[in-house]
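Paired with chain B in one complex and with chain C in the other, chain A is shared by the two complexes that follow.
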Partner chain A sequence: MSVTKPLPHDSAKLHVTGTARYVDDIPVPADCLHLAFGLSDIACGSIQSINLDAVRAAPGVTSVWLAGDLPTDCDCSPSVHDEPLLSDGQIHYLGQPVFLVAATSHTAARHAARLGQIEYSPEPALLTIEDAYLAGSQFGDAPRIWERGTAAPAIYAAAHVIEGVLDMGGQEHFYLESQAAMVMPQDGGDMLVHSSTQHPSEIQHKVAHALDIPMHAVQVETRRMGGGFGGKESQGNALAISCAVVAAATGRPAKMRYDRDDDFTITGKRHDFQIRYRVGTDESGRIEGAEFLQLARCGWAQDLSFPVADRAMLHTDNAYFLPNVRIESHRLKTNTQSATAFRGFGGPQGMLGIERVMDHIAHTLGQDPLAVRRVNFYDTPETQSGRTSTPYGQEVDDFVLDELVTKLADQCDYSIRREAAAQWNETNPVLKRGIALTPVKFGISFTLTHLNQAGALVHVYQDGSIQLNHGGTEMGQGLFQKVAQVAASRFGVPIETIKITATDTGKVPNTSATAASSGSDLNGMAVKAACDTIRDRMATHLGKNVQFEGGSVVVDGSAIPFAEAAKRCYESRISLSATGFYKTPKLEWNPETGQGRPFFYFAYGAACSEVVIDTLTGENRILRTDIIHDAGASLNPVLDIGQVEGGFVQGAGWLTTEELIWDDKGRLRTHAPSTYKIPACSDRPDIFNVSLWDGQNTEDTIYRSKAVGEPPFMLGIAVLMALSDAVGACGDIYADLNAPATPERILKAVQKVRDGI
Partner chain B sequence: MYSFEVERPTSVADAAAALGKDEAQALGGGQTLIPTLKQRLASPSVLVSLAGIADIKGVSVDGGTVTIGGGTTHGVVAAEAGAYPALAALAGNIGDPAVRNRGTIGGSLANNDPSACYPSAALASGATIVTNSREIAADDYFQGLFETALEEGEIVISVKFPIPEAASYQKFEQPASRFALVGVYVAKFADGVRVAVTGASEGGVYRWSEAEAALSGNFSADALDGLTVSGDDMISDLHGSGDYRAHLVKVMTKRAVAAAS
Partner chain C sequence: MSDKMHIKLTVNGEDKEFLAEPRDLLIYALREKLNITGPHVGCDTSHCGACTVTLNGKSVKSCTMFVAQANGAEITTIEGIGSPDALHVLQESFKEHHGLQCGFCTPGMITRATKLLEENPTPTEEEVRFGMAGNICRCTGYQNIVKSILAAASEINSAKEAAE
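Moving on, here comes the complex of A and B:
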């Protein structure tokens, strides 16, 4: 069977030979216009006057748009209609698009976009979490508060009380292919949109709204993205809308792509958070009560910040039972880029909070951090001690982490190496080692329940070849191959029989974003349904006891080639095309009360990282990382391990080298690879052992697999905890290392722990 | 980039004549100048490429001196200046291979970027910068951020490095660009020790005289223990605070001494 085989990515050869086609590679008609935004130079204020004479006179410029020239407000928001394409006179962040230039080349448009003369009336900008929190600047009428039990009395009565503050930075997506879109005008004002987007239906919806035309008049096609990571869930709207507006006004095709600096400056990033915590524990370190204040910097527009902040709240527990808990979440409005979806979608931030708490408890009680983690774990299906309910009321009934962590700790010699690191630190005054083993429990499903649906369209041609289409998008993660393996398995044919085609709103409508790790779960099931419909029709026609296997159809024990079977069905006028549909069962969720079952199931994993720091400079290296990750019964082990490796490295990057710096005017100063450091191949651990947990999903997912896109990102938390463990070797104070743990931040933490400064 | 003319002289005399034109600018390997032009931060009318002048390229050794032509790339210095190992090692760790195959020592010294590597080598070695009109001691040559003793149109023909008894360059890299967040070059001569610091000061490359005095009496890392570096005049930017840079100056100096001893 094709599923479970370690097949390479379907586009691997195209990727390595440079022939995989991205939006910017699509040949354009000769009269195509190229677009660029003129950006604001201040973070907050209003526009007093605009003089665009020099822009209009610049070489190659054909036309220029201000907000008043647009057919509508051309709203770009995926949520609450608060993102006009161009400034309506108010400036909300430095880098906000103010005007749109169309020119005969990309370079001409960008040059002209810098020539606008705009006078502003500046106002004080709110840039930081502290600024916005003190000013009470937030989205929503009040902070969201979820409670279970009574946290404050439980903490008061506890043997030990631990409290602290954790700051963590944001993160730029740094997809290799920056945002891009191209629109070709069609008959009667219809629009064909090529977009580098994780959400073609959203692009379709927003373009239709901008032009005030029905969705049927807009077709969006996405073959692939050069990386998405959540950054192309909503942030592509502005480009596609701009291209459509220009195409509608001029009748000419239009294309827009952000230069890297513009992409950094304009688009949203991961939410940075401050988490304040106060927990009470018993003598063993077991939490009896916990309070968390989560402050999320959301930027100027709401975008997806509510579901992101909700998911942070939903991962406050991670793998640990919190009998009495109160979580208060503020979604702070600031004059910065509108923070958006990023792999994990708030989950990593919430989870980092409780992982910090575990280390802080262990330090306070003088225990091994892993022992404290284990004493706080949820029940396994066997233990049954009443510790199975999450703070939001969903039961954890398949908790494999106890077993998984035991296996990982054994395999990587956690205890021996922890002892060895301690001994080594005794004798080495300059270099200090640290080790940490952290678990991940991540909820799978969109928390906006209606998004948990998917469609597919499958055609079997009379020569036996099969064309496949579904609502998911390919961003390099290998979704198309995994789904093709499902189709090949249903028909019992070799993978080469299946043709994967570009995501197209004209083929499968009303799709959800390829997000929340749900691509394979949802689309795999929809494709399975479509394949089974066709298979059942073929079987019914061909006879009794029909099997599809090995490229043949076996009817009453005699095999005929699949192609022959398809031909016979066609000639007998059997329909060989079908749609498929899937909706995730069992979900019931109320975000207001924070109660219900938001997730179909949980994905699990654990990582053990060992690091070394230089206490003179703060320099550091990851020496070794061991990971076991739960992908259920993996649809494709090599693609899944690729996701686990990449997720860990990206998570470690978020917490170590990736530092976003805004100056006091609100200008993002890190806007290129020369100033913003993402991990490279050489930054991965020298010893990097990654394996998949040998299990299967207890829920009825596609071939009992589990989603694998986001969960491994949070394995990177082990690196920050190992770094703070190493810092902790310098003295007796708890090393409350913040993220990103740059060398300078590590040095400061060392000085605090060692010298009390 | 604004438009400009390009001249490609093959002799120093022709290059000097070309640089006499209005708003002419010498072009070495272009690793700083071309990005500057792309950003439209400069608008020379004529670029005079020095890449075609054979006389200012190459590495030669004469007794205790290594002489490097101003037009010699970092890659060539790394490969051919083995007579002065610390200098060759510095050249081999500038930027990335693309930078090392285009960028030149003359270009780097003429630009005097406060985070560049070469100025510290020239200053710590007590090098002599030879131009088409005179010889300038390194101590007189570096005059602040992007400022040198070079006159308009003056061309760096070569740099003469006395070979020390021992030397080492230690760079703390800004991880994204690999420029020096702090770089310290220590050179030990028979008559004393010279220590030059790059990347750190708001005044550009400078000699740390207290460290030189301490090390001249006792060339060991311990000799620096009693010294402190103030963060007051250090660069404070998105890559690091002045205090952090000041702290790194001492650490990197110790490392350089340890590596050279």
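Moving on, here comes the complex of A and C:
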């Protein structure tokens, strides 16, 4: 069977030879126009006057658009229609597109876009979480509040009360391929869109809306992305819409690719959060009551901020039972880029809050942080002590973390190394070590329940080759290969028999974004359904006792090659094409009340990281990381381990080196890799052991596998906790290290802990 | 706009001649004039390595150089290292050891790695990490990239020993 095999990425051969095509590699017709945006220079205010003479006169420029020249408002929002493509006269953030230039080359368009002369009347901008919170600037009428039990009295009655504030920064996706789209006008005003997007149906919908044409007139094709990470869920809309507008107006193909600085300056990033917490515990550190205030900086438009902030609330508990809990979430509106989806989708921020709380409790009570974590764990299926219900009422009935954490702690000698680190710290005044082991429990499913559906289209040709299409998009995660493995297994044929074609809204309609880690869960099941329909038709035609295995169809004990079987079916007029559909069962969720079952199941994992810091400079290194991650019965262990390694490193990057800095004018100062540091090859832990948990999904997912895209990202939390452990070795005060823990922040935290300043 | 220049390059063993503005970057000349799209544009500012080529025997980020500066040079891009039907050892190794996910960094990684192994045929893990530090990958966390390069190095070396 193909499933569970460690097969390479489906495009590996093309990738290693540079022949895999991304949007920017598609040969462009000679008359193609290239587009660029002219951006605002202020963060808040209105436009007084615009002079674009120099732009129009620049070499290669063919035309320029302002908001008033567009066919409609060309809204780019994935949610509440609050993002006009070009400024309507109001400026909401520095970097907002004001005009659109079409020119004969990419460089000419970019060059011209810098020549606009815009006069503004500026207004005071709200840039930070504090600014917006104090000003009461938020989306929604009121903060969202979910409660279970009575948190305040429980905290009041508790033996220990611990409170604090945690700040965490945002994160730039830095998909290596920046946003890109190309549109080719077709017969009768139809549009063919190539887009580097996680959500072709959304692109189709937004382009149709912009041109005021039906969705059937827009076809969107996405073969692959050079990375997505959530950043291509809604942020590609502006480019595809722009290209479509220009293509419709000029009849010429149009292409747009952000250069890296524009990508940083224009597009949304991970939400930065401030979390204020107050918890009451018993003598063992077990939480009796907890209150969290989550402040999310959403930027100027709503985008996906509501479901992101909801997911942060849904991961406030992480792996821990909270008998009495109150979570209050504010979605703050600021004059910055509109924050958007990013791997984990708010989950990492919510989870980081409680992981900080665990360390803070341990410090206050003088206990081992892992012991405090364990005493707060949910019940395992064996220990039924009434600690299984999440704050939102979903039962945790397969809690493997107790066992998984025990195994990891044993395997990596957690206790021995913790002891060794303590001894080291006794004798070394300058270099301090820290170690932390943190768990992850991540809910799988879109919290907007209707998105949990997928479609597939499968054709068997008369030569026995199989073509497969589904609604998911490939951004490197290996989805196409996993889904092909499912199809190969259903038909019992070698993987080479299967060809997966580009995601195409003309083949599978009304798809959801490839997001929420749901790609293989949803599309794998839809493909299985389509394959089984064809298989059943073939079987019914071929005989009574039919099996598909080893590249053959075995009918009553005698094998005929699959190709021969396909041909026979074709000649007998059996349809060899089918669609498949899947919707995730058991979901029921009300985000207003915060009650129900938002998730089909949970994915688990744990990481142990050891770090060393230099207390004179704040410099630091990850010495070792050990991970066990639960991917259920893995569809492809090599691809899954790749996701775990990449996710961990990206998570560690978020919490350590990746720092976004806006100046007091609202200009993003870290807008290129020269100033925004993502992990490099030399930053990887010296020792890095990753393995998969040997288990199965208890829910009926595709071959009992589990989603693996997002959950490992949060394994990176272990690094921040290890760094604060190392800082803590410098004195007696709790090291409330904020993220990202850059050398500057570490140095400041060391000074605070050591000298009380 | 400035006058166009006559540029001559040898790319992957083939002589190429074309007109370009002196200020055009080498990466754009390769991608747009010669339709060699293996080297990618990741950052435009010489930080990511996606555009790495070998120029007169050295690893060069082709977004860092004007095409005019490259005039007369001998250039190897990923397309010159191997093809889907005849993979170079490093290409085979990246494929087998899953040294890629989205693949966008891969051409630059492999192009750099071929040079690295020429410079140092028996690198330690540490040396690989240092030697590849100019190439960014956002997907893999580098673990399998390093593994792929080390595996290719030992394969090349054992093939050499066998030949001797």
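Following the convention adopted for this analysis, the second predicted complex is superposed on the first by the 757 of 757 C-alpha atoms of A that agree within 3 Å, B and C clash if a C-alpha of one lies under 4 Å from a C-alpha of the other, contacts with A are read in each partner's own complex, and residues count from 1 in each chain.
We adopt the following convention: a contact is a pair of C-beta atoms (placed from the backbone, for glycine too) under 8 Å apart; a residue touches a chain by one contact, two chains touch by 3 or more.
A quick note: this is a predicted structure, and the numbers were derived from the prediction, not measured.
In this superposed model built on chain A, chain B and chain C occupy separate space and fit side by side. Shared-chain residue A:Ile687: touches no atom of chain B or chain C. With both structures placed on the common chain, the touch criterion links A:Lys13 to chain C but leaves chain B unconnected. In the superposed model, A:Ala157 lies in contact with neither chain B nor chain C.
Look at A:Gly227: by the touch rule set out above, it reaches chain C but stays clear of chain B.
A count of residues in chain A touched by chain B and by chain C gives the higher number to C. In the superposition on chain A, A:Leu747 contacts chain B only, with no contact to chain C.
When the two structures are aligned on the shared chain, A:Ala135 is found in touch with neither chain B nor chain C.
With both structures placed on the common chain, the touch criterion links A:Ser674 to chain B and to chain C. In the superposed model, A:Ala371 lies in contact with neither chain B nor chain C. Once both structures are overlaid on their shared chain A, chain B and chain C have a minimum Cα-Cα separation of 5 Å. Touching of chain A by both chain B and chain C, each in its own complex, is seen for residues 673-674.
Contacts from chain B toward chain A in the complex involve residues 172, 175-177, 238-241, 244, 247-248, 251.
Contacts from chain A toward chain C in the complex involve residues 8-9, 11-22, 24-25, 27, 59, 105-107, 173-178, 224-229, 259-261, 475-478, 638-639, 641-643, 645-650, 672-674, 678-682, 684, 688, 690. Residues of chain C that touch chain A in their complex: 1, 24, 28, 31-32, 35, 37-45, 47-48, 50, 77-79, 81-84, 87, 90-92, 94-96, 98, 100-107, 110, 128-130, 132-133, 135-146. Chain A contributes residues 616-617, 619, 657, 661, 663, 669-670, 673-677, 744, 747 to its touches with chain B in the complex.
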